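After this come two complexes, each holding chain A, first together with chain B and then together with chain C.
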Partner chain A sequence: MSKEITSNARADDVFTMLHLFEFHMDKNWDYDQADAGEILRFTDHDVFVDDGTNEYTPIAITWDKLTEDFSMQSDSINVTIDNINGVLSAEALASEWRNNPCKITRIIYTPTAETIDGNTYEFGFNSQSTTSYPKLSISGITQDNYLLFEGVIDTFSATQQTLSASLNTQFVHWSKPYPSRTYNQNEFTSIVAAINDVVYWGQQNIT
Partner chain B sequence: MNNLTSTIMANHSHIEVQEWLKQSQAMHFNSGKTQRVVKTLMPAIQMQVNYKNLTKTQFEALQTAYEANHANTVIVDADDAHDIRPDVMGLNTSVWAFEKFKFSVVAPSLYSGKITMISSVFFNYSQYQDEFSQSSTYTPVTSTDNGFTNMLANAEPYQVEFSYVNNSIFSNIGQSARHIKDMAGLRRQYSLNWFLQESEFLQLIQFYRRKAGILGTFGMPKEGSISLGSAGKTKASFLTDSFKFSRRTDGMYIASADIVEVL
Partner chain C sequence: MNLTNCFTVAIYHLNTRFKLPKSWGKYTLDINNMDYFVKYQRRFLAKKQHIDFFDSFCTQVKKAKKDDVVLTPTSVGVAINRFTYWVWSEDLGRVVHKQLNKECLIMRVDHG
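Coming up: the complex of A and B.
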């Protein structure tokens, strides 16, 4: 997926950026994608965001700066969510988070113009939604949309004020089940394929 | 969600506003050669509503509104702060949270002060409110101790300042507040200022020395001074190291102390 920002998602020197977060809860340990548990959807935007299929709840959520490198090292980030009324920690402690999929998607778009009290604002709020409550519908907006981070939830900790989760990319499993020896470039693909027969995401592959 | 528009906007003298554009930042591409500015229209607003020369009844209306809503968001249709949200999204989005409450009163009993509010994106729709319930509790402990009021009968303060110790926790999106968690334990805080003859001052400092230590609680009149009314007393204590005084060359004493309710 390209991380290029196309010219149609920006006008002159302005665009808007928001992020969508998905945390899968209560999935079984077999990592069966068809076995959908509850999925928590959050956004760091001001109002609800609707991508045409799902609705994302606005919440105070921050995460570490992402880094990428060439060494194929596992990368992990910490995500922090406001938890000041304890709802999220209650949810977290009642469910199994660890090893469940999560992803962060970045949406970049140019806000369309909006007329308020006869004045036209070049870049409006424009919820583009017919619901009674403020909601941004991004499905009909020209946008650049790319996956910023995809991985699994490793650990989490909750205090009265915040809920923090450590997220690992899928690459973290490269370092776990494989034997510690050096492979020839040519045989690498077949060796990985052979290992994947019995090991998948660090666990026994039972499918 | 309570609509405090008439309560907050009644009798105010002027408003000071600071406005932020949310999520405003610059992003660099192509090693910094190209820059794009990230913008959204929805602003965050901090509104400081000022009041001058309020009567006791007018002041107590504001005080009651704060105590009942210090840990929940409220609706204020703040046209004077040019809040654009009710025009764009409806009155249910003109949501605010209390930040500060500070008033003072001097003879002849006219109250002046300010209330600071911050815009909130915790809009008054069930979709926003469902997961995060809010409430405000203020439960002071009453007292029948007359020691402080007896002392005040002789050593009357010339100025009383009112503020609060608020334990609630805010969640923020950008500069705006989101929802609030009431941690209970809201307490009134008073700052009293005296200008006294030596004989009256000695009563004050003796009372302070007897009551300033740990466990030194007493009954504090709600109005801060018995000449302003006597609507009941609550359990209170001196704030540590808050008592200060100076002696003038003419023998008069200037003193001040901070007092906070205890639970």
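Coming up: the complex of A and C.
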């Protein structure tokens, strides 16, 4: 998968990347945030991230490598939240996670430099006051952001220390999978063209 | 304003959000003069007077939300959400965030 990173979001070939995770608890599959349900927001950054509207809680979260190719490998990934506390695991076990929407957003930006105790941090650190908890506000930062993954939570498990979930993309219209046999490289282009004649990105091709 | 321990930092923040009582027990809560709570911090915490203090105008709750008071045996913090809270770190000289755990006592300021 390739995404364009604009020159605005980096300087001297250096940039910072973080991810925002949203686990919707609205149970309606409609991504309607106005629902009474709740949205849990986390980030893999090391401080809180504020996008101007919502605040994302830093947490040790990892996920499988994302790929996007003809084999449709990105239709499912596993997400693991590590080093959690009893409050989060208790909450997780008391809630129904399955079939709820979730999404992962990637943010690429260049934070401003800051000098702390005589050391200048050119990138990777954002200003913070001494009387409020460390928070990165990305609303005013030039950035590239794009949706990395969007789907539903398929399976979910939790222990005292770890939460893990399998996320599936919503290929609800996917009715014609690629053939399971392998093809010669020479004929592959025509085969893919034939498939795409009927199906385009998981939906019926109506063009 | 002398912001030098977790209690005074939390009180200063809460005072901007809620109407806190002017006095409690033998203490007078002067937001501009919190030296007593800094000077006798260890005694104040050791006797769990910080818990008694917040208990006098807060209600204990099980699930935290933003700006709830988070009390541990040795510190006073403020909830960020139901999973985390922030607290002044004397070692670092700044506010840090921590995860809520079982030893945390969560109290919500009464508005009535």
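Please note the rule applied: the second predicted complex is superposed on the first by the 141 of 207 C-alpha atoms of A that agree within 3 Å, B and C clash if a C-alpha of one lies under 4 Å from a C-alpha of the other, contacts with A are read in each partner's own complex, and residues count from 1 in each chain.
Going forward, a residue touches a chain if its C-beta (ideal position, glycine included) is under 8 Å from a C-beta of that chain, and two chains touch if they have at least 3 such contacts.
Keep in mind that this is a model prediction, so the values were computed, not measured.
Using the touch definition from the top, say if A:93 reaches chain B (first), chain C (second), both or neither.
Touch status of A:93: no partner.
On the superposed three-chain arrangement, identify whether chain B or chain C touches more chain A residues.
Between chain B and chain C, the winner on chain A residue contacts is B.
Contact-wise, after the overlay, does A:85 reach chain B, chain C, both or neither (first, second, both, neither)?
both
Would you check which partner chain A:16 touches, where first means chain B only, second means chain C only, and both and neither mean what they say?
The first partner, chain B, only.
Looking at the overlay, does A:147 come into contact with chain B only (first), chain C only (second), both, or neither?
After superposition on chain A, A:147 lies in contact with neither partner.
Taking the stated contact definition, name every residue in chain A that is touched by chain B in one complex and by chain C in the other, in rising order.
Residues common to the chain A contacts of chain C and of chain B are 47-48, 57-58, 84-87, 132-134, listed in rising order.
Enumerate the contact residues on chain B facing chain A in the complex.
Touch list, chain B to chain A: 22-23, 27, 29, 35-42, 84, 87-89, 92-93, 121, 123, 125-128, 131-133, 169-174, 176, 178-181.
Mind listing the chain C positions that touch chain A in their complex?
Within the complex, chain C contacts chain A at residues 3, 9, 12-13, 80-84, 86, 93-97, 99-102.
Where on chain A does chain B make contact in their complex?
Of all residues in chain A, those touching chain B are 5, 10, 13-18, 44, 46-48, 57-60, 82, 84-87, 111, 114, 116-117, 121, 123-125, 127, 132-135, 160-161.
Contact residues on chain A for chain C in the complex?
47-48, 55, 57-58, 84-88, 91, 128, 130-134
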